[in-house]
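Below are two complexes that have chain A in common, paired first with chain B and then with chain C.
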Partner chain A sequence: MTAALFTQLLVNGLATGMVYVLIASGLILVLGVARIFNFAHGEFYMLGAYATFALCQVLQVNFFISIILSMFVVALLAAICYRLIFHHIRGNLLLCAAASMGLSMMFERGALVSFGTQERGLPSVFTGVMAIGDAALPVEKIAVILLCVAIMLGLYYLLMRTKLGKAMRAVKLDTEVAALQGINTTMVYALAMAVGCSLAGLAGGIIAPLFSITPNMGHAMLLKCFMVLIVGGLESMLGGVVGGLIIGMTLSFGYYILGGLSEILLFSIIGMILVFKPGGLFGEVVEDV
Partner chain B sequence: MKRKKSIIFLGTISSLLILIIGIFAFLSRSIAQPPKEVKTLKVGSTLPLNLGMGVETKKMLEVIVPKFNEAGGFTVQGQRYTIDLILYDDKYSAEAGRAAVERLIYQDKVKFIICQIGSAPIVAGLATTESEKVMSFVGGASPKIVSPKNRYIFGTSTTRTSIPPLWTMAKRVFPNAKTVVFLSPDDETGRARANEETRVAEAFGVKVLQVLHYPRDTVDFSSITAKAKSFNSDLIDYPGAVAGTQFGLQLKAIYAAGFRGGQISAITPQMDEITAVASPEALEGLLCTMQGTEVPNPYPLAHEVKQDYMKKYGKWSEASLTWIHGWFAFVQAIKKADSLDPEVVANLIAARGLEWEIPNGKAMLVKRPDLGNNRYCDTCAEMAYSQIKNGKLAFIGRIPLDEAVSACEKVFGGKWR
Partner chain C sequence: MKEVTVFILFGILILLLPLILKSPYQMHLIIMLCINIILAMSFAMLFSTGLITIGAAAFWAVGAYASTLFVMNLNISFWLALPLASVTTGVIALVLGSIIVRTPGVAFVVQTMVINMIVVQALGQIDFLGGWGGILGIPRPNPIGPIKFVSKTNSYYLILFLLLLTIVLFYALYSSRIGRAWRSIRLNPRLAQTLGISLFRYRLLAFIVASVSAGWAGSFYAHYFGTIEPGTFSVFKSIYIQIYSILGGLNFYIMGPIVGAFIMTLMPEFLRVGKEIEPILTGGILILLVIFLPGGILSIPERISFFPKMLQDASSSSRG
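Moving on to the complex of A and B:
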């Protein structure tokens, strides 16, 4: 493998991995704080992509404004879903998971009816290819990496430096003690759901010009996010970042080495991690779910 | 005596009058009798309605079949028939395809199936159509469709025979090309197309450096195209690719990976979808087929179907044409055999062949001696080609039917006519 090819695969892996990181972080936030195993997370990602598509193509809104608006639309939708559905069954992981599956089907069918089966695509915002030596690096991939890093830094700031973030961490640590401290836990759950799902929606908007948009695009992404969680650990943000990058890199380099069998490499790595670290790289073994 | 003559004369005149009145009454009754009732013939189809090509084919069938019925349908042994088209979603998958075919045969009792697209659903339903003697006029790329074991299925799209004419044109456009890399879906269609194109490319003196397969639902082609670029081939070819957004993503990714060589494809790209995701620079120079409706001076049938489609839907879609050859072949076969018995129709066209008109020009059934099948079972057709220039398809020429068949004979061997 030449240095140029290595650089290309590295950038591809980083870009893909950072998108996984973004979506998986949202999933971890919802699971950690609101205690919901959200099977509809992939559909929030899909809705973010469609919202961006609709804003850009139909209403001719600027791409960056579109992804921000899409993020808010998805956040609002997630908060409504929480208040209407999950609020009433909170605490029962199994019921929440079942409800989120139903929600997932509803969103997917809704998108199918609204947008049809046709694949949609957006033109690239960052066109061109950057040449570093012999390596051809698409500008849009570099932009995706930078954008995702910026969003993750923003999320870090939100969780570590703001009152809301502290409240979320407190609720995650001990709900009852947090409530005794005067934290409105219901509000925090709803906000965790909104922020977590909005990250998926934002990722959907970011990838809209890179890939195609279809009503069932959420399924494959959710599967990858579960892999990220298994690798990194169910409730660890750092684990989500590392897991996302491992999955992205494995798929990128794996294809070069093994071609169509690259997913075997991915599952082998996951298998090995589970053998030596059953709770994931940065997580703990979950005894009772 | 005179009175007797008068009686005989009056009797004769009366008999004559009664006879004439009787004849007139009979004739007028015959004329006033209503015409024979028009019967309906059920014809089935399964299409991948989860993909753009399936939806577009359905839309086109919903234009041409009602028009055919409005024009009176066809007459078989003095009986007039119109068509009732029954269509199910096969999701481009073997499971859904087989279920849809079984529903058509056992529930709807169809004896003819037309215009299926994907090899997976076609091959999955093949055992049932053959055992139930249901005649199929289908697309698909798999050579299993034209296997000598089959008696009732006919490949009526040019998927298996379009590659030699394409490479005839490719050698004119890229005369110095010596190597090629294939990017192909990892399924029945993709593998069949890649195997076939490998054979054709090598017959034209171009070495296939690598065949890279990707899952059919891939959207991120960056790693695959980075690997493809690393071979530094003269050409990239896309056997089995679908014409819409996914093809645009491949072209975009191969350009982003730094590939600047020639590109060829046997498909007609859906320009509105691919230009939505790929820049004009990424598309520049791609050699591909062109629909008969878009060439300068299109044939009357091409003009007619385009006008009818636009009248119904407002906006024209070239993708609606690719997979409808089976309809025209079916109509022509029934007319030629003057029978609705699949056994009779299949035996006749398998033994004597079939020629028919499609929007691209002339098409004909050919034998496949290279696959051990000496029945007329596959299709060759006149082809039109274009190159993408400044984000638009630009017509570069045609390969007539005779030359297309000759190119196939040259590459695959044997007498096809």
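Moving on to the complex of A and C:
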């Protein structure tokens, strides 16, 4: 393997991996703070992609503005879903999971009925190729990596440096004590849901120029995110980041080395992690149902 | 006495159902209903130990494919393939289960779901297993003497026998020491462990029994339906199986799946909506159910009997 090829595969892996990181960290945020295991997360990603497509292609808005607008659209939708559905069953993990499955079915089929089955795509925003040494790297992929890193840094700032982030961490630690300190837990739950799902929406917007947009794109993405959670664990954001990068790299390098068998390589890596670290690399086995 | 009469009448009705229902399509629905009940009961069995699975359809698929491959490649009789397929499912469940039952809660949900997706992918990708097109022309169960399993009526009696077998087996397990251990694990895992109940062993046992019953349902399905394809066994099916149990009532391990599967299997036929928007309705029903009736349909009588008591409490407290 030459250095140029290695760089190329590395950038590919980083680009896909960072998208997984974005979506998975949204999933972990919603699970950690609002105690909802969100099976509809992939659908928010799909809706983010469709919203970006609609704003960019139909309304001719600038790409970056439309990503941000669609993020707010998805966040608003997630907050409404929280208030209408999950608020009534908060704290019950099983019922929340079941309700989110219902939500996922409704969104997916709703998108299929209203947008049709044909694939859609946006024209590339960044064209051109960047040469580093011998490697020719598409600017698009590098832009995706940089955007995702910037968003993750923003998320870090939100969680660690702002008052809202502090409230979220407090609620994650202990809901009742947080409520005793005067934190509006309902508000924090809804905001956590909105922020988590808007991360998925953002990811959908970012990949819109790269991949085709279909109503069932959320399912495949959700499968990948579950793998990220299995590898990294369900508790920490760090687990999400490491897991996302491992999955992205495995797919990128594995596809070059093994071809179609790379998925099986991925599954065997996941199996090994499950055998030796049942809770994931950064998680613990929790005994509560 | 009254209950016994009702029970006997109900039993006669079930036995004579083929005489009442004339059209083959209605019989097909009833047969699929029986399969769905077995699958939903396997979900309920894992739930009785506090585990939530989204992978019931994966073991259904394993049973169906194993039985098909045994019959078509080894040329053995269906009556041998059915137990063999169940054993195969059990062995696979033993291997997978010993890895995944150690992590209860959300992690288990995710792991079973990923297993289901992997099974569907593997069935689709590997040519030996038929690929995405599936396997066509699976032979019907071999005739026993004069009884041939070509007509829907005889297939109905076969699945009814399997269903009764599953119900009796599950009932025996639930009412034995094992069932009490399962329930104690669900109520409080830590306390159960201090009483000397091995969480790992009892959960693994539940996982294996549930998977084996899904396996024989799959074996019957393959030979009854004649064709199997990976799409049938997707995660969607597993979610539907979960809905059957939740709809009927999660605290009713045998009656809940029966009631839930009955409603969910026959309702689309009565509503006569297009296949297109059926998931939207199902999803909506699931959400409404979870919010307004989390105990399931079988909890309605309990709730109604609570009403007068609640009113009484309210009036007495306002007086006091």
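Keep in mind that, in the parts below, the second predicted complex is superposed on the first by the 289 of 289 C-alpha atoms of A that agree within 3 Å, B and C clash if a C-alpha of one lies under 4 Å from a C-alpha of the other, contacts with A are read in each partner's own complex, and residues count from 1 in each chain.
Heads up, the rule we're going with is that a residue touches a chain if its C-beta (ideal position, glycine included) is under 8 Å from a C-beta of that chain, and two chains touch if they have at least 3 such contacts.
Keep in mind that this is a model prediction, so the values were computed, not measured.
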Practice item. Answer with first, second, both or neither: which of chain B and chain C does A:V129 touch in the superposed model? Key: first
Practice item. Kindly classify A:I230 by the partners it touches after superposition: chain B alone (first), chain C alone (second), both, or neither? Key: second
Review point. Which holds for A:P278: it touches chain B only (first), chain C only (second), both, or neither?
Key: second
Practice item. Return first, second, both or neither, reflecting whether A:Y255 touches chain B, chain C, both chains, or no partner chain. Key: first
Exercise for review: Using the touch definition from the top, say if A:S70 reaches chain B (first), chain C (second), both or neither.
Suggested key: neither
Exercise for review: Report for A:T117: first if it touches chain B alone, second if chain C alone, otherwise both or neither.
Suggested key: first
Point to revise | Set of chain A residues, in rising order, touched by both chain B and chain C | key: 260
Check your understanding: chain A touches which residues of chain B in the complex?
Key -> 49-52, 55, 186, 212-215, 217, 219-220, 222-224, 226-227, 229-230, 244-246, 248-249, 252, 255-258, 273, 276-277, 279
**Study point:** Partner chain C, residues of chain A touching it in the complex
**Key:** 31, 37, 85, 88-89, 92-95, 97-99, 101-106, 108-110, 112-113, 219, 223, 226-227, 229-230, 234, 260, 263, 267, 270-271, 274-275, 278-280, 283, 285-289
Exercise for review: Name, in rising order, each residue of chain A that touches chain B in their complex.
Suggested key: 2, 5, 8-9, 12-13, 15-16, 116-124, 127, 129, 131, 134-136, 138, 140-141, 209-212, 217, 220, 251-256, 259-260, 262
Point to revise | chain C residues touching chain A - in the complex, by the definition given at the top | key: 50-52, 99-100, 102-107, 109-111, 113-114, 117-118, 121, 125, 186, 189-190, 199, 235-236, 239, 242-243, 246, 276-277, 279-280, 282-287, 290-291, 294
